[in-house]
Every structure is written in structure tokens, then in C-alpha cells.
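These notes open a run of structures that come right after.
Next, two complexes with chain A in common: one pairs it with chain B, the other with chain C.
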Partner chain A sequence: MYKELRNHIIKLFGSDTRLDGRKFTDFRPIKLETGVASSAEGSARVNIGKTDVIVGIKTEVMEPFPDTPDEGGIMVGAELLPLSNPDFELGPPGIEAIEIARVVDRGIRESKAINFKKLCIKENEKVWMLVIDICTINDSGNLLDASALAAVAALKDMRFPKYENEKLDYKEKTDKKLDLKDLPITVTVIKIGDKLIVDPDLDEEKVIDARLTVASLSDGTLCALQKGGDYPLTAEDIDKMVHIALGKAKELRRLIR
Partner chain B sequence: MISMGKINVKDKDIVVPGETLAVGMDNFPGQGTYREGENIVASRLGLAQLDGRTIKLIPLSGRYIPKKFDTIICKVTDVTVNGWRLDTNSPYQAMLSMKEATSQFIERGADLTQFYDIGDYIVGKIVNVTSQKLVDISMKGPGLRRLKGGRMIEVASNKVPRIIGKQGSMVSMIKDATGCNISVGQNGLVWIDGSPEGELLAIMAIRKIEEESHLSGLTDKIKEFLEKNNKGRITNWREKIEGKKDTTDDNNQ
Partner chain C sequence: MAYKQRIDGRKFDETRKIEAKVGIIPRADGSAMFRTGNTVAYAAVYGPRNLHPRFLQDPSKGILRCNYNMMPFSSFGERVRPGGSRRSKEISLVTEKALLPVLDLNEYPNSVVDVFIEFPQTEAGSRCAGISAAAMALADAGLSMKDLVAAVSVGRVDDKLVVDLDYNEESYEDGPVADIPVAMMPNHDKITLLQMDGLISTDELKKVIEMAKKACKDIYKVQNKALKEKYKAEAE
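== the complex of A and B ==
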């Protein structure tokens, strides 16, 4: 379907460059803004090139799940707005939206950066639930990394609302922040032909062979992996991809202060 | 008695959809406007143009609408029994019939994908647009062909005349400066094929034209921009790329 485009991209790879003139492991310019939605307890907006994602966090007090009576939790949902890409349709979330939500969720959850036990208000009765909503404003490629970065920045930005006498007052925010032990950063590495690149744009996303999403902590601990694309990866590929992702994660982590 | 027509706008005024441009039956609604009772109302954002008693509108935004005799770049979306279905980068699809596709003899039941396959881009001419917006494309004419290699970018179709320039002066200037092959479709698709640096420079120049199309002295500005950014790097690019294959690059990761 995209044979000509693929050939062209591979031809450019031959002279060490990409469609927009970047090097293989260059991100587009990233802009990160927090506190963009006043009605949310925490929010962030990330631009990677023309890609634009907003993440908002609402806190809820609810009964804990029966298997973890003393733990709160997070819920991640992604909505790919039809305005952000002509291919996105209204209706229940599709495979892409579910994947973004799950990869972001897993990156944060498995990093153990949030101590869910600390989100417990009263065992068996009341716990905090953090609802993380991802909204795509514009899709120009690499929604995954943008969403994950915005989600972590929003968690960092979050303030709990006032909760007294079993009553939740969203209008009054407290100074209480979420205790984040580390910042899990998600970087996706793409394989096209025999080259590995990061931060694909829309055209590059059409012709990927395989991709590996790597979530990692500041000390280089891997928290989560997600493989996508139609072609397999060799062990050597994965080594290289993880190495690239860890290097890039360091750069991205610096953006969240 | 109906009062004499009153025109509310001057030539080249910016008007918005719904704006009443003129009152009275003395004036006629042209392209981009319509009549509502006695009023002539703008249907798009654009510049008003008074042409005798006709009030026209040059659109400043909005999608491309197919027009007869336009040369456009389309993408093949389907291969049917008697031709190809094309995406025209507009709200309407187009058809390319076997008869209009080639002067070659096509045997009954032949595999049409050998001429144009799904996903291919072609340069075609619109030969007919019906009132129901059924669009017919022809491949017979100079410069009409399948586009091989290269890349496609999208520009606002309203800016296409500025990108092409008078008698194609602007686009040939970019071609000369960047060493790229460039095809501009009226529907806002632009095909570019050249060296990596050349393509980037051509895209930057086209984006600059899009942004500054309303300013005067555009040609000089773009000329200056191209000269400043070119620095003689773009020469013999084909040799450069093909010669590079021998020196295998080990610093690419």
C-alpha cells in the first residue's frame, strides 16, 4: 500500500537522514506544559512537533477492589478525537486507543512509582482512585510517547482535592501532592528496514516493520515493554532498541521537573 | 418598487460566511456566494471581488472542490472492473475509466493493477464534473503520468496558484534551486523528488510561500531564501547518494 513511500524513506536512510531531515535518534522539539485544565486535579499538555496531547487526572473516592482492600489505584483511558486525525472515528475506543491506554497504564503501574497502599483512606471502605484521561488534540505521529510523557507530567502536577467527613470537595484543592518515587518514561523505538529510529512522524508510522515501547526508571530499570508491528525482532535488535530507549528516556526525564 | 442595489463591501474586503455582501436584485451572486431573498450572502471565508454586477469571492480557506480542466494529483483507492477509483483530496471521489487511462490496447479481463495499483499516485486532468459531483479523470495529455518515487506533501489548495506562480515561475525557481522534480496538483497535493537536502529545502520554500502568500514581493523573498539556504550544497546529488553505498556507515545508531 505504501510501497513508494517506504522505498523513499529507505532511500533517505541510506544517506543518514529522515523525511524531515532529522537524525535517526532525534526527537522533534518537545513542549511540555502543566496545569492546563483547572477543573482537573492534575493536567499536562505535550507537543512533540505537531503532535498535541492533553492528559487530565481526576481523583475519586471509592470502595477498593475486593482482592486489594488496602490499595487505591489508577485507571487510564485514551480518547483519540476524530478531529486529531481523519482516520479516527467516533464511538467506542478502537485497538489503537486501547493500546495507548494500556501501555501508559502499565508503564506507570509496573514502575511502582506510585505506592498504591498510600492511596488508601480506610481499609475495605474508601480508597483514592486516580482516573487518567488522555485526549489527542492532533496526531502527527508518536502519540504513545507523547501520551505517556503527559501522563507522568500530570501525575507530578496533581494535587488532591479536599476530603473531609466523607465529603469530597473538588472546588478546593489541598497542597497534598501525589508521592512519586520515580518518573517512569516511555520511549518507542521503531524498526524500518534495518534502521532503528525514534519519534516517527505520520508518514514513517505508515511503513514501520516493528516497534518496541520501553518504559524505564531513572536508574535504567525496565518497567514495561510492548512490541508492535508485523515483523519479528531479533534479540540483538531488542538490545539495541532498549539501549536507544534508555538514552532517550534520560533526555525526556529532564523535561519534567 | 424595488430599491436600487446596495453593495456593502469594497473590492478585496475580507468577508466571513453569512455576511451580507449586497442587497437588491441588481447584483448577481458569483462563486462562493449565494442569494437569500434580496441579499447576496458569502458562503466562505475569503476576499470579496466585484466583477461588474457579479459579486464573487476568492476563498482564503477550505478544502479543494473539483473543477473541470484542473490538473490534480490523486491516489488510487480501488481497482474496479472498468477502471480505477481515485481519492482527490477533496470531499468527492473520482473515476478513471480504462478508456481514459491509456491508449494501449487492454485485453478483456486483463489485470488492471499492472497500469495503476492501489496506493499509487497519479497526475490526472479532470475532464468532467457533474452536478452531482461525479468526477471523471483522464490520463491523456502532456505531463499526466504515474508518480514514481519521491514524496507527497499537502498544502492549502487556495495557495496553489501562488506556489505555481505566473506561468509557473515560482515552481521552476524552486526546481532550479533545489534540483528536485516537483509536481503541483490544483487539489493541494505536491509531489517532490530529489536529494534529501534538496527536498527539505523545497518543502521549506513551499511552506514559506503558504505562510507569506498574502505579502507583496513574494518571488524576491523566496529567491533570497533559496539562495541563502542553498550554499551550493545541492549538486550532483544522485552521484552523492549512489556513491555512498560503498562506504558502509557504522555510526547510524
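== the complex of A and C ==
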């Protein structure tokens, strides 16, 4: 469908450049801001180039799930708002939104950065649930990495509200922060033709062959992976992609600290 | 007991701190932010564009479609469940009716102008902030308009008539409260949105609508300035 566009992008790759003049492993300029929604217990906004995503966290107190009576948890939702892209439509989350939410969820959950046992208020009865909602404001490509970065920054920004005598008072935030043992960072590496790039813009997203999303910890341990796109990858591709992602994750982690 | 002084110290006819910005969403055909106090509205306009499904099309003119939505974390209380509610559907409807009178959609048969209004945080007066943002976004999209629309909520707290009620005033418990969202075409002195919850006398209603007119004219100045600012910045 985008044959001409693809040919043009690949031709540019031949002279070591991209549509907007970036190098293969350059992100667009990233801006990260926290405390952007004072109604949320934690929030962050990430701009990558013109891409603009807000993540807000509301804390809830609920009964634990029966199989984990002494653990709280996280829930991640993504809304690809029709305000952010002319092709997004109203209605329940589509498959693209669900994938973003689930990959962001796994990056955080599997990193074990949050000790869910510490979110337990009273075993079998009351636990904290951190509901992380991703809302897109402007889609200019790479919503996934922007969402994941904003989600971790929002967790770091979070303050628990007051909970006393089995009553939750959202009006009063405490000083109590969430104990985050690590900062899991998610980076997606894209394959177009035989080149590997990061942070695709809208045009590059239209012509990707394959992508690999890699979530990793500060010591380089991997904590979540997701392969996407219609074409396969070789083991060699995967090795290269993981290395690119780990290198980029180091840069992104510095933005949160 | 009388309501002697506003809880946040404002004058009775004073709005909360207002900010406006145009062109905040590059992908949209028009966009704007409008903020009053802790209530922040983003509006994006897409269109005129093709309307699907086809049975919704009007061969004589374009239609306006508005959608009001609170982000899940936008409430200072409990999380708002995503997806529309009866409340958000009704507000979308009255928003549409508030904006329609300034637009001329006769040139766009079979088309739709979509207005999406989103709130990252809300603390009373969201529908009015949404309408004020949407009007700027429509102007930014380059649609022909005979006026802008400015909106504010006015009302009564106990024995006082007030402009731009905040949450504490909406939920005032020591006396009766009336909450009256009003939208105006500021250059035509016409009202395009009027709702009310609460109790008020006909005399007070008359007076408070005059207060709304004055406040809307002030809001219009802020909207106008924000629009000019964007195009000034582009010219430079």
C-alpha cells in the first residue's frame, strides 16, 4: 500500500539517514514532565517529538484476588483518544490500545520493581490497586515507548492518599511514595528492510516489517518482550535489537532520575 | 447564615484563573486548551471530513458531532470508568447545541465536523470549559464562524449570586445552591447553552444571567488573544 513511501525510506537508509534526518538509533527530542494532572495520585506527560501522551494513576482500595490474598496490584488501561489521531475512533479499546496497555503492564509487573505484597493493607480483606491509565493527546508515532516511559514516571511521581479507619480520602495526599526498586524502561526497535531503527515516526510506522519491544532493568536484565509486525526475525536480528534497546534504555532512564 | 465571602477568596463576580492556548494538538485540524482553576479542557477538531456510515449524512449540509470525555484520572475523587456515561452523552449533546449557532455548515454537504473534548483534570465547570476550548478549536480549524462561543457557569450560593462556581461552592451545604452553566455568543449577546440544577427565583435568574454575560465577554477576550497569539507566532 505504501510502496513508494517504503522505497523512499529504504533509499534514504542507503545514505545513512531517515526522513527527518535522524540517525538510525536516535530518538526525537524527549520531554518528560510529572504532576501534570493534580486530580491523579501520580501523573506524567511524555513528548517524543510531536507525540504527546499523558498517564495518570488513581489508587483504589479493594478486596484482593482470591489466589493472592496478601497482594495488591496494578491495572493498566490505554485510551487511544480520537482527539489524538484522525483515524482513532470512539468506542471500547481496540486491539492496538489493548496491546499497548498489556505490554506496558508486563514491563512494570515482570520487572518486580513493585513489591505487590507491600500493597497489602489487610490480608484477605483490603489491598491497594494502582490503576494506571494511558491517554494519547497527539499521535506522531511510537505511542508505545512514550506510554511506557510516562507510566514509570507517573509511578515515581505517585503519592498515596490518606486511608484511615477503612476510609479512603482522596482529598488528602500523604507523603508516602511508592517503593520502586528499579526503573523498567521499554524501548521498541523496528526493522524496515535490513535496517534496525528506534522511535519510528508516522511514516516509518506505516512500512515496518517487524518490531521488537524490549523492557529492561537498570542492570540490563530483560523483563518483557513483544515481537510485532508481519515479517519474521532471525536470532541474529533479535540479538542486535536487544542490544540497541538496552543502550537506549540507559538514556531514557536518565530522564526519570 | 449568609455566604459572606467566597471560600477561595474571589470576588462574587470573579472567575477562577483562566488560561487559553490554541494549536496544542498538531494532528488535529484545529485544537485548543482552556483552563479555569483546576479544570483543564483540551479540544480537537477534525473535519469537515467524510461521514460514515452513510445513512448519517445530510445532503443539504454538514453536521457537527461533539464528544465530551473525562480522562479516567481526571476526577479528584474516584477513578472515572472509561467509555461514555449517560452524563457525558447529555453534555456532548448540549455542547453540540451550544456551538452549532455560530457555524455555517451549508457548504459541507454529507460531511461531519468532529469535536473531541477531553479533560485531564476537572473540578467543577467542565462543560463550560469544554465549550470555550471547542469554540477556539473550531476557529483554529479555519471554519467560517459568525461569532465565538464563551461559556461559564454562574449561580447562587446561599444568598449570593456568583460566577464560575468551584467544587466547594457546588457542594455547599449550609444553604441552597443553584448551578447554571451558560454559553454565549459574545458579539451577538445571545445565549446558546442554559441549564440549571438547584433553586433560584426569577429575579435572581435575570441578574445572574447578566453576570454571565459580563464574564463571557471577559472569557472571549482571553480566547481571542490566544487565537491571535498562535497566528502571530506562525507569522514570525
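The working rule: the second predicted complex is superposed on the first by the 257 of 257 C-alpha atoms of A that agree within 3 Å, B and C clash if a C-alpha of one lies under 4 Å from a C-alpha of the other, contacts with A are read in each partner's own complex, and residues count from 1 in each chain.
Assume a contact is a pair of C-beta atoms (placed from the backbone, for glycine too) under 8 Å apart; a residue touches a chain by one contact, two chains touch by 3 or more.
Treat the numbers as computed from the prediction; the structure is a model and nothing was measured.
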{"item": "Simultaneous placement of chain C and chain B on chain A, clash or fit", "value": "clash"}
{"item": "Partner chain(s) touched by A:Lys11 [first = chain B, second = chain C, both, neither]", "value": "first"}
{"item": "Partner chain in contact with A:Lys240 - chain B first, chain C second, else both or neither", "value": "first"}
{"item": "Touching partner for A:Lys3 - first (chain B), second (chain C), both, neither", "value": "first"}
{"item": "Chain A: partner with more touched residues, chain B or chain C", "value": "C"}
{"item": "Chain B versus chain C as contact partner of A:Tyr170, first or second or both or neither", "value": "second"}
{"item": "Partner chain in contact with A:Ile256 - chain B first, chain C second, else both or neither", "value": "neither"}
{"item": "Chain B versus chain C as contact partner of A:Leu119, first or second or both or neither", "value": "neither"}
{"item": "Interfacial residue positions of chain A with respect to chain B in the complex", "value": "1-5, 7-8, 11-17, 19-21, 24-25, 195-196, 203, 240, 244"}
{"item": "Chain C partner contacts - residues on chain A that touch it in the complex", "value": "36-40, 43, 50, 52, 54, 56-58, 60, 77, 79, 81-86, 90-93, 131, 133, 135, 137-140, 170-171"}
{"item": "For the chain B and chain A complex, residues of the former touching the latter", "value": "118-121, 147-152, 196-197, 200, 240-241, 244-245, 249, 252-253"}
{"item": "Residues of chain C defined as touching chain A within the complex", "value": "24-28, 31, 38, 42-44, 46, 49, 67, 69, 71-79, 82-84, 114, 116-118, 120-123"}
